[in-house]
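Both complexes below contain chain A, partnered by chain B and then by chain C.
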Partner chain A sequence: MPAWVKGDATDADTAIAAAAALLAAARAPVIAGLSAEVAAIRAAYDLAGRIGASVDTAGAAGTYAELGALSRAGALTTTPAETVGRADAVLVVGETPWRDPLLKRLAGTKPVRGRAAAADRTLLALGGAASGAALACPADQGLPQALALLRAHVRGHLAGASAVADLAARLAAGRYVALLYDPAELGAPGVEMLQGLAIDLNDATRAFALALSGPGQDRAVVPVSAWTTGQAPRVGFGRRVPEHDPWRFDAARQAESGEADAALWLASVPVAAPGWLARVPSVALLGEPAADAAQVVIQVGRPGRDLGGVLWHEARAALTYRPASGPADLPSAASVLARLGERLAASRSVPAC
Partner chain B sequence: MLSVIRGGRVVDPTAGRDAVGDLWIEDGRVVAPPGREPDRVVDAAGCVVMAGGVEVHSHIAGGNVVTSRLLLPDLYVSEAAPEGHPFAHAGGAAAWIGATYARMGYTTAVEPAMPPTHALATQLELADIPLLDRGALTVMGNDDHLLQLLRERQGAAAVRDLVALNVATSRGLGVKCINAGGASAFKDGALKLSLDEEIPCYGLTTRAIMGALLDAVEEIGVPHPLHVHCNNLGLPGADDSFAATLDAAEGRRIHFAHAQFYAYGADEGGGFRSAAERIARCIADNPNATLDIGQVVFGQTVTVSLDILRQFAGRKGAKPKKWAINAGDAEGGGVVPFLYRPRGPTSSLQWAIGLEIMLLSTDPERTILTTDHPNGGPFTQYPRIIHLLMDREERAREIATLPAVVGERSGLPGIEREYTLSEIAQLTRSGPARLLGLTDRGHLRPGARADVAVYRDDPDRTAMFTAAKLVLKDGTPIVEDGEVVEWRAGRTLSLAVEADTGMARRTDAYLTDRFGAGLDSFAVPDAAFEGPAFEAVACRA
Partner chain C sequence: MSTLTLRQAPPERLDFLTINPLALSRLSKAEAERLPVGTSRRGVSLGECFSVALDGSDTLTIEGGLERLDRVGAALSEGEIRVAGDVGQRLGEGMAGGTITVTGHAGPYAGAGATGGVITIEGDAGDHAGGAVYAARAGLDGATLIVRGAAGAHCGDRMRRGTLVVGRAGVYAGARMIAGTLAALEVGDDAGYGMRRGTLLVGRHGRLSPTFVETGAHDLVYLRLLARHLRVLSAEHAALLERPLRRYSGDLATIAKGEIWVAA
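Entry: the complex of A and B
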């Protein structure tokens, strides 16, 4: 098991002992990243629950743009496969979705199911680099504002000839409309406005939001977190009660403010490590190791390559099992987290909760 | 180890048993008195001894349940963790669900709505519910692949093979259809659907889809009959949909989910009135039909359903005013928060109708207690509902606090019946176990799994059934004096069904074309779980 302490290669037991000592000395540890298979995500929550840590994810910016809008206003959503199969109009909001492989698939096919089957599919753009769009509207004042303007036209609050009015008319004429966006780019107010647009369109036709997944495995973390703690990912266990607080348990904020005094970064599925990780004593469990990524680095098996694991499948929009592609002599992140938990429980003077 | 639960009132309607006596247990099973000394004696004097409770319809896992937690972060309250499990007091979480059911003496619970597209996530969530044995029903009836087969009249064998493949792949315990064709119709602009209305783009009807599924379930030998969520849930006149659906079953086995929500006869003055008598008569006259109640209880809850047609229609009644609909692959899902207003006229009438159906039942074994958790209210209210069924004075006291509409539009106030403990055992133990085809539970005859609940006999039935004195799962004490004492894992019950390889190849090609990922990506392999998670249930011979 390749492992490093302060950049020097070492053996597994030494690294786990060093990681446990680092976490045991902390009063407010954070477990972050969670870019991992479901077994490791479960183990991370279990460890956080037992040592009183808080939890955050690699893709939290987009995840909380979604979750914030959901808990305030709700959502009307669809899936990539339903969009490919049914949508005769796709509004691409912002820049990021144009770089997503789904766009290519949407541009190269026609709907095959439902009342729009065999119709041409129209790509529409709001605020993006819109090569291939039948109609493009700029968003000079920002995406939330552009969406608000578009929504006002759809609702009939604004009228008159303009590109936005044309766009509103195109959407209203669609039989299955998909609104494609990147939540991290759009932000929570933008997502809420986009959901409002979908709700309004459904008074007369069918229209649904489709968010792209962000970095890491947040789409896997969200359900695991919800069924494990009853809450969304950013949960703290410092008071033995799972408390959900998107602001308080933002790991970057905790590290930068000095609240967090240790971190465990979990990325068995490789994802860029954040800058704040260098500011606190840290442990990293990595599928693609870098000896200097943290004070203690332990290489773990990468799911779908070194070991089997459940991961988010973008095209299926579901959790799916990915078997190992070949033999590998690496521990699973879940097993390393479990060993850490055992060591920490043994070192505590009070029983683990 | 040989144990005896001594001197309790043992209630097992399947054996005609309701008397003070002993219950012998060895190696996780109920045994006949063996004629030798026990290793352990549990004193049950003054207690009632029943089989562990069996839940047939409670939304305890899956995408909608996850969404409901995210839409309404404040619905449940979390408390400090107890010794032994970091999440058992996390309100609404999987561990809380297992612990709360177990404390009430339940030992098996079935999630009734598992879409095959999300089977793995649902099964992973179920496996994280501790203490109980679990199961899930595979939902079909809106998926394009099935509808294509039916549209192209490919025959009963093809439908049977596709259903068997879906159950086998998702590792379901049975099959459910939810407003068959309704989700598909919604995506094509429909706002309502009745049994014989044409579903856009397919030339099919709910009757045709449901009929095909009824046949497939019998052909495969699924022990649990097709679990049916009819059209027009919750609308005045829904009793007609219920009766028409029963007629359409043409004598085949059929289970009606949350019947209370269909017992709404259209009232001449507008709105609805109780059709409980009609529903109860329908079931009495059709020995192959069963129902669960979907009892309403007062207070804030959230409705979760794959019936997106119904959930979209109900969105404007959301309280608080937010909701989530997912037009997903096949069914999708809809989550709409709802307040059953305490002492409100509509909610009071709904409350009365559920109780009325149970109190008019001629066969409690075919009348299963559910709240359709969380749709009618949380399952935590079962003890209170049992109390109301067993105690007519308690019922009268509650009715006296409610608006007059309860007496004007339902027959509840005139009903004097009080359920016996045996009948409660039918409603919550033997009935649901028999309905699921689980012959090893729901009773206390020798050979039964030693899932046992011991309650202090207390006229306050709410208190009695809220916190059992002792609960055994497979002979092991898991609850003592209302608290969990052993955090053991149960198993997920899944049907042992063979899938046809030809249909598997065809389906793999279909799925690959549609999702860019084949049948493998729908699998629920053992390797995805931490330890042994599943237990096979045999098909009917």
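Entry: the complex of A and C
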């Protein structure tokens, strides 16, 4: 098991002992990242509960933009497969969704099921670089503002000859409309406006939203957190019960304010480490190791490559088991977290939960 | 007047949900000092950070507040809390009655979901002052919130009832408002974004969304009633209503029953 302490290669026991000592000394440890297979995410919540840590994810900005709007306004959603099979009008909001592989599939196929079967598919753009779009509407003032203007036209509150009026007419004429967006790019107000647009379009036709949030594993964390704690991901166990508070348990905020005094970064599925990680004593469990990523670095198996694991499958929009493509002799992140937990339980400085 | 005086800065965020005049009036000094207020796995008690002096009255003074003091006056139903210094997030969250005064600055979500009483922040407030916390139905919900200094972004977000008076507010002031009144000497861009009903009264504003349409100048009896109401809270804000006013209606992206009054 490759491991490093302060940049020097060492053995597994030494690294786990160093990691346990670092976490045991902390008053308010943070377990962050959670870009990992389901077993490791479960182990991370288990460890957080045992040591009274708080939890945050790598893609929390997008996740909370999405969950905030969902909790307040609800959501009309669809899946990539349904969009490919049924949508005759696809509105791509912003820049990021154009980079998603789904766009290529949508551009090269026609709907084959449902009320729009065999119709031509039209790609429409709101903001963003829209090379393949039949109609591109600019969003100079920002995406949330452009969405509000579009929704006002769809509702019939505004009218006139303009690109946005044309876009509203194209959407209203669609038989199955899909609204593609990246929640992190749009932000909570924008996502809520987009869901409102979907609701308004459904007065006359079918319209659904599809969030494309990229390769992170936040979509796996949300259900694991829900079935483990009953809450969304940002949960703290300092008072022995899972408290949900998206502001207080924002790991970056806690690091900057000096509240967090130790961090464990979990990224068996590689994701860029945040800048704040260097500011607190930290342990990193990495699928793609970098010796200087933290004070203690332990290489763990990367799910889907070194070992099998359940991951969020973006195209299927479901949790899916991925077998190892080239099995390697590396420990799973879950097993390392369990060993850390045992080590911490053996030391008396940490109260048992 | 009961008094809590800060002895040393706490090593973690504190939760003051249970620290209010009514709760303290039933406790002895020793019992109050043992109240857990910490939030980390180590935890701290009230007596470790504050020296406690109780007299059973309905007034509590916190001498030496600081940014880590969360939920001061949350769920307050009666009595008065006065903080000399700053407070953290969720000042007066869900309070139903009584008064809270903070001489320094407040963190985010001041007055979230508060249904009654008066909260006064003499300094600045963070983001979401009078706004809704995660998954909450509404922000300010009937209470009166006064911010003498500046408030951050999303001031009055999803506010449903009550009066919010603020010096300067950041972007998205009064966004997604359900109802209620927000008066500000100045607001940033996108005031009233997605608002359904409710009234914004502003002196200066940033970029206004194209989903608000001007509906002309009006002289309404309601405005004189509003001026009388505001004068008690802030003469400066009441004076906005003495200037010529333009009315914008919106947000047209929603049911568009909201309005923004802009003083010339």
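Operating definition for what follows: the second predicted complex is superposed on the first by the 348 of 353 C-alpha atoms of A that agree within 3 Å, B and C clash if a C-alpha of one lies under 4 Å from a C-alpha of the other, contacts with A are read in each partner's own complex, and residues count from 1 in each chain.
In the analysis below, contacts are C-beta pairs under 8 Å (C-beta built on N, C-alpha and C of every residue); 3 or more make two chains touch, one makes a residue touch a chain.
Just so we're clear, the structure is a prediction, and the values are computed from it rather than from any experiment.
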First, second, both or neither for A:A346, with chain B first and chain C second: neither
Of chain B and chain C, the chain that contacts the larger number of chain A residues: B
Touching partner for A:L76 - first (chain B), second (chain C), both, neither: first
Touching partner for A:Y176 - first (chain B), second (chain C), both, neither: first
First (chain B), second (chain C), both or neither touched by A:R86: first
Partner chain(s) touched by A:A328 [first = chain B, second = chain C, both, neither]: neither
Which of chain B and chain C A:F208 touches, first, second, both or neither: first
Touching partner for A:G196 - first (chain B), second (chain C), both, neither: second
Partner chain(s) touched by A:A28 [first = chain B, second = chain C, both, neither]: second
First (chain B), second (chain C), both or neither touched by A:P144: second
Footprint overlap on chain A, where chain B in one structure and chain C in the other make contact: 67, 71-72, 232, 237, 239, 244, 351
Complex contacts: residues of chain A adjacent to chain B: 38-39, 42, 45-46, 49-50, 67, 70-79, 81-82, 85-86, 113-115, 117, 175-176, 202, 205-206, 208, 222-224, 226-232, 237, 239-244, 308-310, 313, 315-321, 323, 351, 353
Residues of chain B that touch chain A when the two form their complex: 61, 63, 65-67, 69-73, 76, 78-81, 83, 86-87, 89-96, 117-118, 120-121, 124-125, 128, 144, 184, 186-189, 200-201, 312, 318, 322-329, 332, 514-517, 521-525, 527-528, 530
Sites on chain A touched by chain C in the complex: 27-28, 51-53, 64, 67-68, 71-72, 141, 144-145, 147-149, 151-152, 155, 157-158, 189, 192-193, 196, 232, 236-239, 244-248, 257, 259, 350-351
Chain A partner contacts - residues on chain C that touch it in the complex: 11-13, 38-43, 67-68, 70, 89, 108-109, 132, 134-135, 137, 158, 172, 175-176, 190, 193-194, 207, 209-211, 251-254, 256
